[in-house]
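Structure provided below as structure tokens; questions to follow.
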Amino acid sequence: MLVVLCCVAALLTAACLGIGVARARLGTALLYGACLAASTVALMAALANLLAGAAVSDIVLPLGLPWLGAHFRDDALASFFLVVVNLGGATASLYALGHGRHEPAPQRVLPFYPAFLAAMNLVVLADDAFTFLLSWEFMSLTSWALVMAHHREADNARAGYVYLVMASFGTLALLLAFGLLAGPGGGYAFETMHVARSSLVSALVLALALLGAGSKAGLVPLHVWLPLAHPAAPSHVSALMSGVMTKVAVYGFIRIAFDLLGAPSWWSSMVVLSLAGVTTLMGVLYALMQHDLKRLLAYHTVENIGIVFIGIGLALAFRADGMAGAAALAITAALFHVLNHSLFKSLLFFGAGAVLAGTGERDMERLGGLIHPMPLVSGAFLVGCVAISALPPLNGFVSEWLTFQAIILSPGLAQWSLKILIPAVGAVLALSAALAAACFVKAFGITFLGRPRSPAVTKAADADRFSLAAMFLLASFCLVAGVLPGPVIDALSPLTRSLVAGELPTQAGTSWLAIVPVAASRGSYDGFLVFFFMALSALLSAWGVHRLAGRSLRRAAPWDCGYPDPSPLTQYSAASFAQPIRRVFGSVAFRARERVTMPPPGTPGAAVFHLELRDLAWDWLYTPLSRWVGIAADQLNQLQFLTIRRYLSLVFLALVSLLLIVALWT
Amino acid sequence: MNILSVGAEAVLLIPLCAAGVLAALPGYLGPARINVGASFLTLLAASSLLIEAHPAPGRYLLVDDLNVVFLALNAFVGFTTSVFSASYVGHEVETGRLTPAYLRFYHAMYQILMFAMNLALMANNIGIMWVAIEIATLTTVTMVGLYRTHEALEAAWKYFILASVGIALALFGTILVYVAAEPVIGEGLDSMIWTTLLGRSASFDPALLNVAFVFLFLGYGTKVGLAPLHAWLPDAHAEGPTPISAVLSGLLLNVCLYAILRFKMLMAANAAAVAPGPLMVTLGLLSLLFAAFMLYRRRDIKRMFAYSSIEHMGIITFAFGMGGPLANFAGLLHMAMHSLAKSGIFFAVGHIAQAKRTQRISEIGGLTETHPWLGWSLVLGVVAIAGLPPLGVFMSEFLVVTSTFARAPLLAVAFVAGLLIALGALFLRLNGIAFGAPRGSNAPVKASYAPVFAHLALVFVAGVYLPPPLVSWFQHVSRLLG
Amino acid sequence: MLLVLLLAPGLIGLIRKEKARLLRRRGAPILQPYRDLLRLLRKEAVVAENASWLFRVAPYLIFAATWVAAALVPTFATGLLFSWSADLIAIIALLACARFFLALAGMDVGTSFGGIGSSREVMIASLAEPAMIMIVFTLALVAGSTQLSTIAAFMASPDVGVRVSLGLALAGLVIVAIAENARIPVDNPATHLELTMVHEAMVLEYSGRHLALIELAAALKLLLYVSLIACLFLPWGIARPQGGAAAALFGALAYVAKLAAGGSLLAVFETTVAKMRVFRVPQFLGAALMLGLLAALLQFFSTSF
Amino acid sequence: MNVLGLDIAHLLAGTLLLLTFVLLYQDRLPALINVYALHALTLALSVAWQALIQDAPHLYVTALIALGFKAVIIPVALRRIVERLDIHRGIETVVGIGPTMLVGIALVALSMVVMLRVTGDATPIAREDLAFALAVVLLGLLIMTTRRNAVGQVIGFMALENGLVLAATGAKGMPLVVEISVAFSILIAFIVIGIFLFRIRERFDTVDLRALDQFRGERR
């Protein structure tokens, strides 16, 4: 706890130094080195605390609200999220040690990056409403500054604007939520908030928290800023925003919904579940339609956040019905997925950053065949793809498997509406898992496989060693968490105890390192054995085949059913790859319109294929809103151009009406 | 009049003497320095007030928990503004927008303005308070018209007429208060001494007090710039010299709001009188929403920040209207924070306008690249007044919203909507001004950054740490405000 | 594990034979697939110039994943040694893993046909997988477990009764099986007609031992699905772990019989229906998904009667 | 004596109100200025009378100011201005005289209602005077808001200010009245000089939109 706070202080000082050293030649390395050190120390401290059974400790500093002070508290939940935050921070800093050299404007990144890390730590540690919101909004602010780092592009400026407005919207929603929690007396400290509330109030608080945290985490329809802002930032910052900051938002929601708020009624979980389902599906569908690599990843963040919120919603439902064990399973699945997503999403963004640095391209339509110039990057990226597609034996599968297990427990619920809703959500989850696999076949296949689609690819080279180190570190984490999920689940048990007053059977003793969420008869999964068998049979078959058939190999021109075409343009492009799925879902999900304009026969000239996709959230929510604001502004703006006499009559009217009120009052 | 305390007298006398001297001196370099020096002495005197125990209130003057903070703030902003105006005015003279003759007048008026505001703050007599505010108004009117352009004269005239009407209304309210007090306290000066009034106001005639408050609120409210009485404010800020815009936004609005607060205390002390809360809440919310929407269509950078001043005055009035210890505390804090942040912004804006040779937002762009210091300090300032942490405004807005929502949810929602709309507008413009491809000239400008940084630093510190004495003063006052 | 490996090509051969007979041809002998595989193994592998390491590693991964999945399905006896190490969901995920690499391999060389194949494959999979998962839900909700052997044991036990949802699930499972194994009407394993092929288009660039492994993996997958249907919906004769060698032998015989029956049914089906357009496949699979969802919901209402 | 004094004070205040109505009614500049002179004269008388019955000698100063400055100097100056700037003699009012009068009457009623609620312990003179003064103030504002012409508006403002002085003198033994009246005289002087110097006869208030675009805020 104290250690983490010291690290935060160190980061803040580093931020101040960043202003100075930004221009220096070694400034980048120096600063990221400091961030790496601080994050690693904090990570170790938090990890130690978590594994040691999460002792609760708190500190009050004479800052913030004068009569309250700044309360900081470190419990199981906080420790876990500290681990997530600082793991992401450490790896991102390591990556940036190498990647930061490509930064054109370091003085716009270096001061804010450490502050951003510090803010995320503070949010997790905060134990009173003021400190929480201060750190929360500070986090948004620093990340906004980082998004604006490359402010010359008009898109980035717009992204930053949308991001900041959405972030402030979320903060204000949380502000209202805490206003309800604190009551008129202003009991802002978290420990004074654990009081019984009327179901209406708690429902209102939950809704506000969902708005606030959801707008930060990217729940549909509050997600619009995310695919704009995350790609705009420098890649290691994108990794932090996607992999870590959204998790801090999840933390905020869990803290309010499970800790501060007593027990919200069951139907609030219906809201969460349905929102989460929509988010999951829409997120992955949008992702499939993208051909900007980083934007695709950003949309996938939306999907994964949806998966996490499915787990949270299940936990809410189970807890409302007093099924502690099931609730523990659901929340464990959600938290496990939080960890996993932070791992592989950072990894993937690092890969995207390496591609961007190597080729200067984010558009997949201009990439291809990168596996030859950058084999190591593509290897790490492949691991990330397999992990995020929820394929065994990597970690993504484990958390989704746990979520499925939790869903299968749903018949125990009392409410019919939930019994009906949850299997539907399960279908959505399965669908989105399959779509995610499709999406990453596309992402990897178009970007790294095939033949180069633009000369930019040919001059690419493998990333520097720091970036590779960070990526392979994360890849190994993905593998370990997938093969040995048991220890992770055991580490999570203090959280589940404190959040839903239940816990999973301890996994340490199970044979062959299997995980048994409920009972061996209900379903078990053994990542280790699956991995072992797969490796074994792969090696066995390879050995056998080579023994039987020899290893003779001949290179030849691609056959391609008889008529190969030398031009790389004949390859499947990202758009054409997604076309069948677009046909299936597109017309409903985002009003996809395809137009092919053929030149008249005999005239030379290319046929033009035009594709139009709309984000319904924009069309139905944000565009009308902004239009209304504009209209109101125009109407009111006429007041700027009146004559003095009219202004005087305004004063006069105000006076007369007030006098009338006073006259008629008593 | 009886000696209150050396510091208190000094706060009044130094500016007065300085005004006399400056009116006599030619040139601009020397007077500018004298101006700075005098303001600095005033600052010293005011800070001595902070340290020493409050002297017993006299018949004309008093120093208490409420005004001591604002006296210090006044003196501080007065000092920094004088520093800023030294370099600003120098540039104006070089470009020939001002002649030394005008400057003599300008500096003298500046000190008189300081004197008048300090007097209004320290006055223990509602009549003197009124007179002081009138003087302050007249001086600012003359300074707004300083550039003698059509727009400047227009703005000055609009300001003058509306302010005169406001003053008249305020005077009527003052007379009514006297009439209400006279039967209880007796004829003569005693019925105008604020401390006495506060002590006895419980037995005043409530109906009379209500009418009086209506007049006082509208009268002084005109000068606070509450919608729909705001009309003079944007143009006066936009057309006058930037130091005056800074003083107007930072100090004069506060002083007039302070006057309203004094009378609100009277109302609060009288049980039978109508509670002024709803009235203030209504006008505050109206100003907030109105200004928030107006921000979207601004093309002149100074006028934009003038509208944001209207917005913040609305916020403060709303807070005091809500009442309760938290909201009142927030209101007082917000007054201080806003005056620091806004004057700091105007310092930056003044130099920006000089560097880019225009006030049109559409012709300013990419400041963070062409003039990094100016640009980033503008960004920081906007972040501050948009109510983003870790700066002080965030704390006050946090307190207002949280304390309101538990009591009047709908009001809080409207309030929050206003904040969000205003923030959207501010950052929409900031995107164009501070970021993106550079527009306008990128010639280096001789600017004095110290005042800007000093203000922003104070706002930042207040955002994370408030000194205990300040807190205790504010808490005491918020109890009085009811 | 080896058993399924041995039986798989036989099933293919059987189906081909049956189809040929139904078309009044003599058809190749049932053992033909074994010969094909051996020949392919002996041939040298021809690889396109710009093929990457992934292209050469993929076959082994695909084969491994499929093999593990197939080995986890109880064939003639429940309670195999490591059957608890992965449940039904994991098996589906393993197949998905194989498909993932297959699709990547299809895109590796960068030919247009590979792209077509992969894109269509993932489209089909993106619908077939959720349908499968829904069927799993149904079974899991009925049997209270996702553990295959547990489900099989439960289905064999008398207290399962007759349920609407199980029928729906069976129908869905059959559709999924057809789609997943690239059989008519979704795909035609016997054609290289460009515009219709899916699976064949992906493996177009493969030859020699790589092709052999992929073919074998495909055969294993078919076997897996047939035996899955067998052990889930007609689990009679499956040997209990405590049952002795006799039970095991009987189970084995029953299993072979089931395979033969399933294969011939498939052959009959394939000869009777025609290949459908690629963009009618989604509706076909959507039906499966709906069936699965319906089954999952219905099982709340139609508890055994 | 006291009753008589009260009555006379009442009478004078009533006259002031009446004259304000006349101001409201007038639509020609010279006549308006004359009526204003009369208005100021009446104010001077009533102030003097208050000075007499409250035996507050300092009020005589106020009376003198009212007499000399407002009743003589200002009207003369205004006439000069009207001649110099040859302002159109007729004043175009925003709404017709009839409605304006009705509104005025309504305002008087309002001020009566507001003031007579005041419970009795305030002295009767104060109450009556305050009621009249409030009426005058409101009417003055009404004049300002209904006259399109600079001079007309100035006169409205000065009527308003007369109402203030009436109230101030009516309040028994109120200190600083002199200072206040002096301050206001300065204010008015400012305004008049302003009109004269800045030639703002049309910028004060205009129907010319081009001038609007030029000078009202942003549309530069």
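Order as written gives the chain letters A, B, C and D; numbering starts at 1 within each chain.
Rule of thumb we're sticking to: a contact is a pair of C-beta atoms (placed from the backbone, for glycine too) under 8 Å apart; a residue touches a chain by one contact, two chains touch by 3 or more.
None of these values were measured; they are calculated from a predicted model.
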| item | value |
| --- | --- |
| Steps needed, at minimum, to go from chain B to chain C via contacts | 2 |
| Inter-chain pair with the most contacting C-beta pairs | A-C |
| Chain A and chain D: spacing of chain centres that average the CA atoms, whole Å | 69 |
| Computed distance of Cα centres, chain D from chain C, in Å | 99 |
| Centre-to-centre distance between chain B and chain A (centres being mean Cα positions), rounded to whole Å | 44 |
| Between chain C and chain A, distance of the C-alpha-averaged centres to the nearest whole Å | 35 |
| Chain B: positions in contact with at least two other chains | 157, 161, 165, 169, 207, 211, 234 |
| For chain D, residues that touch 2 or more chains besides their own | 114, 117, 141, 144, 153, 204, 216-218 |
| Touch relationships between chains, expressed as pairs | A-B, A-C, A-D, B-D |
| For the chain C and chain A complex, residues of the former touching the latter | 1, 41-50, 52-54, 60-61, 63-65, 67-68, 71, 82, 84-87, 89-90, 93-94, 96-97, 99-100, 103-104, 107-116, 118-120, 122-123, 125-130, 132-134, 137, 140-141, 144-147, 150, 192, 194, 204-205, 208-209, 212-213, 278-279, 282, 289, 292-293, 296-297, 300 |
| Residues on chain D engaged by chain B in the complex (per definition of touch) | 114-115, 117-119, 121-123, 126, 130, 133-134, 137, 141, 144, 153, 157, 160-161, 163-164, 167-168, 171-176, 179-180, 183-184, 186-187, 190-191, 194, 198, 200, 203-204, 214-218, 220 |
| Chain A residues within the chain B interface of the complex | 62-67, 108, 129-130, 133-135, 137-138, 141, 148, 151-152, 154, 157-158, 160-161, 164-165, 168-169, 172, 175-176, 178-180, 182-184, 186, 188, 629-630, 632-634, 636-637, 639-640, 642, 644, 647-648, 650-651, 653-655, 658-659, 662, 665-666 |
| Chain B residues touching chain A - in the complex, by the definition given at the top | 157-158, 161-162, 165-166, 169, 207, 210-211, 214-215, 217-218, 222, 228-229, 231-232, 234, 274, 279, 290, 293-294, 296-297, 324, 326, 368, 383, 386, 388-390, 394-395, 398-399, 401-407, 412-413, 416, 419-421, 423-424, 427-428, 431, 435-437, 463-466, 468, 471, 475 |
| Chain C partner contacts - residues on chain A that touch it in the complex | 368-369, 371-372, 375, 382, 386, 389-392, 397, 401, 404-405, 407-408, 411, 416, 419-420, 423-424, 426-427, 430-431, 433-435, 437-438, 440-442, 444-446, 449-451, 512, 514, 520-526, 529-530, 533-535, 537-538, 541-542, 545, 548-550, 552-561, 564-565, 568, 570-572, 576-581, 583-584 |
